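Consider the two complexes below, in which subunit A is the common component and subunit B and subunit C are the respective partners.
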Partner chain A sequence: MMIFKKKNTSDKDKISLSIIKKRWLKFKTMKRGYYSFVILIILYVISFCLPLLINNRPVLLSYGGSIYFPAISGYVPGSQFGQDVPGEANYRKLKEDWKNDESENWLIMPLYPFSPFEDITVQGNAMFEQPSKRHFLGTDDTGRDVFARLCYAFNISISFALVLAVINFFIGISIGGAMGYFGGKFDLIFQRIIEIWSSLPMLFVIIIIASIITPSFFILIFIYTIVNWIGITYYMRAEFYREKAKDYVAAALSMGQSNTKIIFKHILPNSLVPIITFFPFAVVGYITALVGLDFLGFGMPPPTPSWGQMLGVGLQNMSKSWMVFAPVGAQFLTLLMVVFIGEGVREAFDPKVYSRLR
Partner chain B sequence: MATYFLRRMLLMIPTFIGSTMLVFIILQLAPGGPLEQAIQRVQMGAAAQGEGGGDSADISSGGGTALPESAMNELKRYYGFDKPIWARYLIWLGLYPREIRYREIKFESDEFEIEKRVGKLNGQVWKVKIHRDENDELTIYESDGSASETWYAHIEKITDADLHTGIVYQREISGIFTGDLGSSYTYQTPVTEVMKPRFKISMFFGLTGIFLTYIICIPLGIRKALSHGSSFDFVSSVVIFIAYSVPGWAMGGVFLVLFGGGSYWDIFPLGGFHSPVDIWEGLSLWGKIVDQLHHAILPIFAWSIGSFATLTVLMKNGLLENLSQDYIRTSYAKGLSEKRVVWLHAIRNSVIPIASGIGHLIGIVFAGSYFIERVFNIDGFGKMGFQAVLDRDYPIVLAFLVVGVLIRLVGNILSDIALATVDPRIRFK
Partner chain C sequence: MKNNNDILVQVNNLKKYFPIRRGFFSKISGHVKAVNDVSFDLYRGETLGLVGESGCGKTTVGRLILRLLDATEGTITFEGRDLSQLDKRAMRKIRREMQVIFQDPYSSLNPRMTVGNMLTEALKVHKIVPKIDVQKEVHRLMDIVGLPRAHASRYPHEFSGGQRQRIGIARALSVRPKLIICDEAVSALDVSIQAQVINLLRELQKEFGLTYLFIAHDLSVVEYISDRVIVMYLGKIMEIADAAELYKNTLHPYSEALLSAVPIPDPGKKSNRIVLKGDIPSPANPPSGCAFHPRCQVAMMDEGIQEECAGKIPELISGSNKHFVACHQRTP
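What follows is the complex of A and B.
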């Protein structure tokens, strides 16, 4: 089947390419998937620099001849810049004041000068402001900027899903692979454990655990791993089970290869394909799960920016439609891109050429 | 066939025991349980009383912070926390007797026989004599002198002052295996009564949702497969991807904002299973049907949107794969019409994976319903379970779990039957 595919899709100079390269080239031809992949990677990388792009602290500030970097260095009291405010300096106001006074002090604000955490306690912020030029997507129930929170939540959601997926896949592949390879009692016992585990109402377990320990990013990942490693074991077990029976494994065994070598060198690379195509869809699932948990109030601790929390606020204040549309829209665009990537990956790894007579 | 299903059921038993035991232990270990809540209530009540009056010295010693031991014991006994965890679990299962109608008894150090009033029998006061021997073994006699068959007693504690305290009680075996799910702590009614109306509501949404999904997805998948690569295929794919990229309940929220009358159109009600009772009662039968549908359209749409994508794609890919098989080529070669080839040969084979998914979907009815019930404010089964976890209403949580396991069992069997119906090659052994 692979041979036919090569003939169909490649020209002369691609014939000697490795299988991974071929798949990458095939993936590149999937326009939707490839562009989604590029855009998502760029956005994700940019999202790590968010404090410099979306923040209420200036990137660069010159006062009295010396240079400050408040966006990086953090909290600076307003009195230090000659501003008469309690607590932190209000840089947006500072900028205007200096401009009006034609003072020689200057500051460069980030592109979008609002932080996801500054709420109604900061002068000039108001609850439920309509979307405008000032606040692209309005403000929420405590006067925080929705657009800023949306962007920060993007980073958190993707990071959460990626870390969780990697850990889950690692555990699922290890246990599922071992179950399929060793079989026998080990397989039987783990199958029962998995059966019991998967029959638990996991949402409830998470809620109970979350009521014992306050969840943080990594605790949430830990809880979710406990709950979620099962799905992958099914695939892996079946794969290893199938591969084990093939001739090349028997050949390796008869040559006296150790179990470790057979597992990691011979079987694993052969059985990874369905798992890899499954990966983007797992990411979709985990992002959705985090949104759901945040919506219920059992996810990231407040005031962490999160789509689910915003959606929850929106659904409680139906007339503030931007509070619903913004998080659902962000989630939708992100997930749509991941789904396109998944579609592309699946096509690249498992190209089925359907031939019909009519 | 019968032996196959029997084995299937027997295999569920260890799973059932394992999962209920696990949940039972987790619940018992979780903080904020019913006992703690009750203690808190009593303490707050005592504190309030202490401020108002002053006669509460015997209830609240030390500024209303500690409960007297007897009250504490009473609470523990009420919630069953006087037993070790394994005994509680067995009692819940109905394998170990419950202690009911208990009365406390006391023996002074030199007292060996007391008479205790234990209730009423045929309108007369029922008294039993309890005899204690040197080893604290208790024997109970009815008032006519015969040994009691229904009452039991044991010593629980011997204080420093050689005061022997214990309880006299009747035994009753009632638990899951006898069909008794216990009583809800919050509603103060039997769990079955709490569950029944909510289960019906969730069932209504779940079954309608499944029905709709199948009736739309199968034809859509077939149409997409037959016109693979056409503009119809492309457009419907985009729609499906969109549906797949937003969870149904979030989409439900968007619907509510759009059509619920908040900011845009006022077409559908904001939530609820049907109109408030006072309006609902006054409606005619037809009015009730219309009102019910009016309330149900958005939730059902939100409910089914999640499984649209998977099912349609499954159907499409299955059919596409079958259409490229050799037997289809043979059918064409021997001169069968396209209609006959597709509808009789190819589709029959491609609905096999879909048929086996029915049982799985039924399981999802309950897993996925919670969010939708919350968004649309429907007092359904999932919402009940969630609220019970928050309130630590253990009998309901455990009953929820039991129903879930049973539904999975039924779902698996349904899957098997559906599979055997569409695929005659399958034999259950």
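What follows is the complex of A and C.
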């Protein structure tokens, strides 16, 4: 008896860990998955500040005593700053002029003073410039800076994939879970609907819709969700079928707990494994899906920076190596990192203690 | 001795048939008669043992009373109210009156919830104590079942089987029920832990005036804890008697065979073991007449007896000492 008591007091200070926390700790030991995760998160967060980092509009501008924030406020005609250009002010030139004139006006340009949209119509830009200190990855066939476009496209790709994955998983989990939980006729009917729905030729549907209306970010996401929510329902349905037969669900039922509470508080937390392990791979799939559509020209409307469009243009100008290697390299690295994360997550959820990944 | 006010649960002609579906259009090709015309009363404050081999419908009876399953036929009245007539709301309310302790302490606790969360859940659903007192109530429950209070923040995987069963008991107690259905509550535990848990259950019964429906296949455990015992075979009740009476004056041949299988801890004593022949028949296609007759040691002695047993379903006949038996050959 004494021995037991001693043991009890000694592990009192041990902190209890939930299963998710334990798996997070295990995921942290998968070095390449964890570092990929950290790097991607940091890059993604930074990519939301891109207008302040990579832009042809200054972050801060002082002219005639008043302060302007063109990077945030947007278009300002050049005439307002006493510059003789048609349309928007050319801030790079403005900066040089003011410096040469030793005027009291000043402006602070972003770290990389090129926008992904400015082409040869802006004075000083040229087509097919080779990579240099000025243009890290050169310029493309319309004189737009490749590096700036690459960075903006990163944000759009990841955002697209994440939003799409979250919406798809949300719909898939709700419907799949309901099918598994309620079973019977509801399950039977929905399963048939899903079978019919899933036989739609996805790519053609999108191409047809895209040729009728000009797709935007959200229209593309909407079109993709129409078919892509199906995948996860199969797993959730099976998970719910398995979990609802367990005694803890019967205990919750006999306690008088409501169906919604049982689904979300009891069953869903126990069915997270397929959701979490599939999520990174779904993101990979959606990134490539967007690249594919943009490559074919059915994706984002033209001036939007996108890897697929850059790849397409690069392919037409194979001799300009930077235009091909830049989007391919960016995609390769991003996808590699997401796959590393997925691999690490999968491994973290594997009940086997020893792992080959470190 | 016992009048109608003392009846907590009354089960009348309860039937539960599970359809067997076959073929392309899943046509119903038959029924598994898990519970086939069962009637009994459960008195306030007693422990009613329910025994029988696996597949005889004990657990189904428990689940029907809890209304985790809906009965095919028959009624269950709880304190005079027919459970099958209650709407969703009234049913949710009445659920706090009856709780269940499960056999498998590993699947009966949600692995993602801490013990504290599990215990507060029911408190919140039925608003048993005001919000400020929830923490106190959790500690009180943990004291009752003998778990250290500090364990409230732990997850089920950090406990042993016996401790988990205590958590299950605490969860059942949290809504302050009148009836607890112990569905093989101690079968999965080893013997020393079994004794602890059973003694705990008895103490709780004394303290809170609980009524137990104790479902088990271990006859020595049932003898120890029960006031009355029901013996079931193939979805039917074979014998109902007070525990002492049943063990002293066994009437039904099936009960006899069951009791003879209980090991006696005395090597000198010669056990008179009755070994039943054959397997338990399929409940989808039960034998005619008395369900037990193909394996019955009494019916086998004589062809005339066998014919009688195969021909007619025996009624549950009441005798002296509230001893009920369903057998053509043995009348109380």
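Convention: the second predicted complex is superposed on the first by the 327 of 358 C-alpha atoms of A that agree within 3 Å, B and C clash if a C-alpha of one lies under 4 Å from a C-alpha of the other, contacts with A are read in each partner's own complex, and residues count from 1 in each chain.
Here, a contact is a pair of C-beta atoms (placed from the backbone, for glycine too) under 8 Å apart; a residue touches a chain by one contact, two chains touch by 3 or more.
Being a predicted model, the structure only gives us computed values, none of them experimental.
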Subunit A residues touched by each partner, larger count belonging to subunit B or subunit C: B
First (subunit B), second (subunit C), both or neither touched by A:254: second
Partner chain(s) touched by A:196 [first = subunit B, second = subunit C, both, neither]: first
Partner chain in contact with A:328 - subunit B first, subunit C second, else both or neither: first
A:295 touches, of subunit B and subunit C: first, second, both or neither? first
Touching partner for A:211 - first (subunit B), second (subunit C), both, neither: first
Contacts of A:270 with subunit B and subunit C, given as first, second, both or neither: second
Subunit C - residues contacting subunit A, complex: 63, 66, 68, 91-93, 95-96, 98-100, 102-104, 107-114, 121-122, 125-126, 148, 150, 153-155, 157-158, 168, 171, 175
Footprint of subunit C on subunit A - complex, ascending: 8, 12, 16-20, 246-248, 250-258, 265-266, 269-270
Parts of subunit A lying in touch with subunit B, wherever the complex brings them together: 192, 195-196, 199-201, 203-205, 207-208, 211-212, 284, 288, 291-292, 295-296, 311, 314-315, 318-319, 321, 324-325, 327-328, 331-332, 335-336, 339-340, 343, 352, 354-358
Interface residues, subunit B side, partner subunit A - complex: 14-15, 18-19, 22-23, 26-27, 30-32, 228, 241-242, 244-247, 249-251, 253-254, 256-257, 260, 262-264, 270, 320-321, 323-324, 328-329, 332, 338, 367, 370-371, 374-375, 385-386, 389-390, 397, 400-401, 404-405, 408
